[in-house]
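There are structures below to look over.
Presented sequentially are two complexes of chain A, the first with chain B as partner and the second with chain C.
And now, the complex of A and B:
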């Protein structure tokens, strides 16, 4: 199969997945017991309020018409308006996206060199003291959930030692102006992905370093450093790239726990508030955006992995 | 180390887990000479060869002495594809090697040219899987030559290659030796050994049983095992004339020449050609015998002159499989065109051609493994779905495929018997118990008895596994059995045994049609009909022995055209006198 046709097929599949996400989000809202208006009315079902909500949500119109309108709006970047504030949903997203992107970007910028570096380091002396240290520490850290690690770090570094601010309260969305507030959240976000990534890279590197092609490069005196980073790593990187896409996806879709813990006004916080207020259009909008981000990132990872394993798809 | 050797091994013993892989092996490699280690698979050739590179199996206990002249030792492994990084363009390692040894662009170009890859620089941008096996091997040879080694170790360089390619490989290594680089050739392919070697060491079970100059060894083998090895290569004619005259030079029209087939199949061909392309009624028999297979008595296959249908073939039975207007593509490139091809019940069809000619693609189209074609494949007059994914059980069972690499075709974690029996359960709905009994029976008929079927694939030899693969396909009770190069990659003794089994199949399974994809003339001779695939075009050949004749004629002219190279002439000299084809 030619690379061009692979990319085209994968892009088509991505488009289909995106459409499926939109449909699914709509269907899930439809599937709410009673209808969205009843669900929104909450614990005090006041018939007048429900009627008002129905009208606001245009629930009296047939489902396919509403879906068509909503989908048409999506295509123009119109995600509807919030029920609680009347502001367009896109404003919510725009406000929350900045902090989330900043956190995700910083985390990824540190994650890639750390994850790959530790993995390669451990694999180079597989079974040695350094390998065992890295492996056991990474397993231990991986076992600690984000909220627990976050609480621990805040207690030690913010409350006891007072080196860093405990939360981002008061800084608004201008987090870049207050880098100290970012240290702890990024650390918490980094902890588990570094462990999983480095373990994946290590496993792949151990295989790659034992492969006949590596022995062949050594046979002719190619420098070890070159072998390590240029010959062994590409083969080991394919699964790591997929994992990296999953991590990026997790980060960009607003890490609710961390944002809540450090009071960062990112997408996770927007989502949390929208759910608490039963603001269905905002939740729908977020769901669509998260879905699309997931599709796009995995598409990118598949293309990179395809490049790293050029033989894949050559068989019947 | 003595003056006139670039590498030397003295009394080498390599032991893994208490079992000696090689024991008491000594050898001396003079500069510019070809030293061949011959023997069946598992005789310790590779272990000895790798010792020259200073490499030993993991956990090996080594004693003895290995010395080599300063400088790198080149290595061309049996499967060049395995040492090429699947995700890197082949140029990357070549440039790295050049850098590590202080070689520049010109040296790189020179190494490519020496490896017979003049167009090499364009290939450097390709990935290994985009190269043919031959190109991969030449890239690996270029890697070996780049550091200007004193010795190159070549492990089974001709295994699984067609005769023409074998000849080119032999010529390539002859050229390497001519430049003063010693070649250590590890091979069970006696043709290439004969064409190249100055010194031969015959190995068996980790020991050198006989060694000496190549000429002497062939003329008068001293050890019983050497004799058996040489015999297996070409079964001598019944009257035994070949043995009497020495075999290397077939004398006169008798066309005896034990072991003449292979790299330079010359002997009997001369005779056949003398007949001048007429359907060889008598002469054909001679040609066939001269190539080393006793005619006709091939076990009911009707090999040879008897029972050959006319070229349009309306004899043996009704058509089982028919191919119409097939054009197969890889990507957008057409790789195979078959206007019409009919396979009849009980018939054995050989598909011959050089590597890369498209013969495997033809087999894969039949079996539904290659769906990118626009033709029709009819089974009993009903079109078969192109992809095996869309074939139902019955039609899956009807066309079975046996692959070249039997080891890769088995799950290494389950006993062979279970995997063989599974076919009957999956494709015929047999119950597990009956399937097991039938599998045991079929395996026993193919010579796998005792606890062999109960072992895992790792504990079986290549030949045994290939029989198991055959048994697995037979358990589907197929109408058509496609065998893709199932004898290449096996040593001569094992190959012979497998050929006998194949020859006996039709008697055992009446109505079964065989498609033998092969470039081995011995294997092709089992068939009543032969089609030749050349650069994607399929043509039917006049049957049997004439095929041999034409091939030799063709080969002969090719060899002549290559005589420009001094080294080749010197190396191939001993065969030239026998080339009489017009």
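And now, the complex of A and C:
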């Protein structure tokens, strides 16, 4: 298969995935049981509110027309308006964007050196004491849900030791001004991805260090440090890059939980509030943004991984 | 190393699993409600946010997590195994594409996002949550089944069986499926860990469980407000969830390592 055809096929899949995300998210209003407006009114089923909801969602028009309008709006950056407040959904996005980007950015910035570093460290003496420690701990922590880990860390570091604030309440969106409030959230967000990434890097490095080409480099007298970082690591990096993109899925789950746990007013909190209030346009707008970001990240990672190891067909 | 990990995993998972499965038998009838977030006063672990005995809630709260996770894993495979097998064994290229391509597309949607989307439309309840979690696991599981079965189906042994005149059905079931079972066993541990994560996280976020349900994840969420007064109502269920998830992961990993060593 030529590289060109792989890229084209992967791009096509990405486009199909984007379209599927948009369709799936739109299908939500159609999937509401019975009359959508009645279902959304929920606890306040007075006729005026139902009529207003019907008007706001334009439920009297056929579904395909609404889908076309909504999709056209998406292309122009118009995500609709909230049912509860009447504000545009893009405003919600703008409000929650800062804290979430800060959390995700900090996590990623620490994740890459930590994940690769621990993986290489464990692989350097595979089977040694340090390797066993890193492997066991990462295997154990990998499985722990963020909320359970977070709550236990809060109990120890905020409650018993009083080193860190238990939540970010009162700091608003100015989290950078209060770095102490960021320590526990970022730590919780990091825990699972670091484990999976370091395990993958370790496995790839163990294979690469046992491969004939590294043995050959050793015979030439290339220093071990240079073999480790310069010859073995690139070979182990391809699966790790793909895992990094899969981390986007985890980070999304993690951000929603961590924002709820530490009361951080980011996109995850906006999403959870909208779900609780059944504010369908806000949920849909956020879901489309989250979904498309995931699709694009995975697409990018597959292309990079393909570039690193063209013979492995990557995940198309 | 693997034996140590096996024992460790077994010990770590034993307490939460025993509590989850046997707890409801020993819970007894609900006592009278007392003050919220009280410590002591006849309650071994104090009381929760509405004044219920925490120990009784702990005894009752594991079963939903474990049963929902097991049901979701089983349901996921119930769909993924036939789809993956059929895609691997069919000679019709269009059928394989028809079965697998839609799953590739579904794979792109973050799992928690899908669950939250559905929760915005209607509360799924425990059964709905199990179905949803099963659904988000189908694409990945089907891909793994197809890869494992496809590898087995291309072996010379299958060719030989075909030339002996064995029927398609017999080759598919007796040889290919049995060969793919090993990979499936490896996948099952990872999948169960992921499902436990998803089920408990959804319950923590209020999806698939009533706000006052006896469920470890719901307990962690609802009793957080009293963390400074009465930490036991949060810490005990959180530790049990940590034990359950890490234990399952350690146990499966060690079991597979053992098996792999025995074979090689």
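Heads up, the rule we're going with is that the second predicted complex is superposed on the first by the 290 of 316 C-alpha atoms of A that agree within 3 Å, B and C clash if a C-alpha of one lies under 4 Å from a C-alpha of the other, contacts with A are read in each partner's own complex, and residues count from 1 in each chain.
As a working rule, a contact is a pair of C-beta atoms (placed from the backbone, for glycine too) under 8 Å apart; a residue touches a chain by one contact, two chains touch by 3 or more.
Owing to the predicted nature of the structure, the values given are computational and were not obtained by experimental measurement.
Once the two complexes are overlaid through chain A, chain B and chain C clash, as defined at the top of the document.
With both structures placed on the common chain, the touch criterion links A:220 to chain B but leaves chain C unconnected. Shared-chain residue A:295: touches chain C; no touch with chain B. More residues of chain A are touched by C (comparison of chain B with chain C). After overlaying the two complexes on the shared chain, residue contacts for A:257 are found with chain C alone; chain B is out of touch. Applying the stated contact rule after C-alpha superposition, one finds that A:230 touches chain B and leaves chain C untouched. Touch criterion met: A:212 reaches chain B, while chain C stays clear of it. The clash between chain B and chain C in the superposition falls on 417-425, which is one of the stretches 291-299, 417-425, 471-479 or 543-551. Of all the residues in chain A, the ones that touch chain C in their complex are 13, 16-17, 20-21, 24-25, 28-29, 31-33, 39, 132, 136, 139-149, 151-152, 154-155, 159, 166, 248-249, 252-253, 256-257, 260-261, 271-272, 274-276, 278, 280, 283, 287, 290-291, 294-295, 298. By the touch criterion given at the top, residues 1, 5, 101, 104-106, 108-114, 116-122, 193, 196-197, 200-201, 204-206, 217, 220-221, 224, 227-228, 231, 234-235, 238-239, 241-242, 245-246, 248-250, 253 of chain C touch chain A in their complex.
Chain A meets chain B in the complex at residues 1-2, 212-213, 215-217, 219-223, 226, 230-231, 234-235, 238, 308-311, 314, 316.
Partner chain A is touched in their complex by these residues of chain B: 53, 55, 72, 75, 77, 82-88, 92-93, 96-97, 100-101, 127, 129, 140, 143, 146-147, 331-332, 364, 369-371, 387-388.
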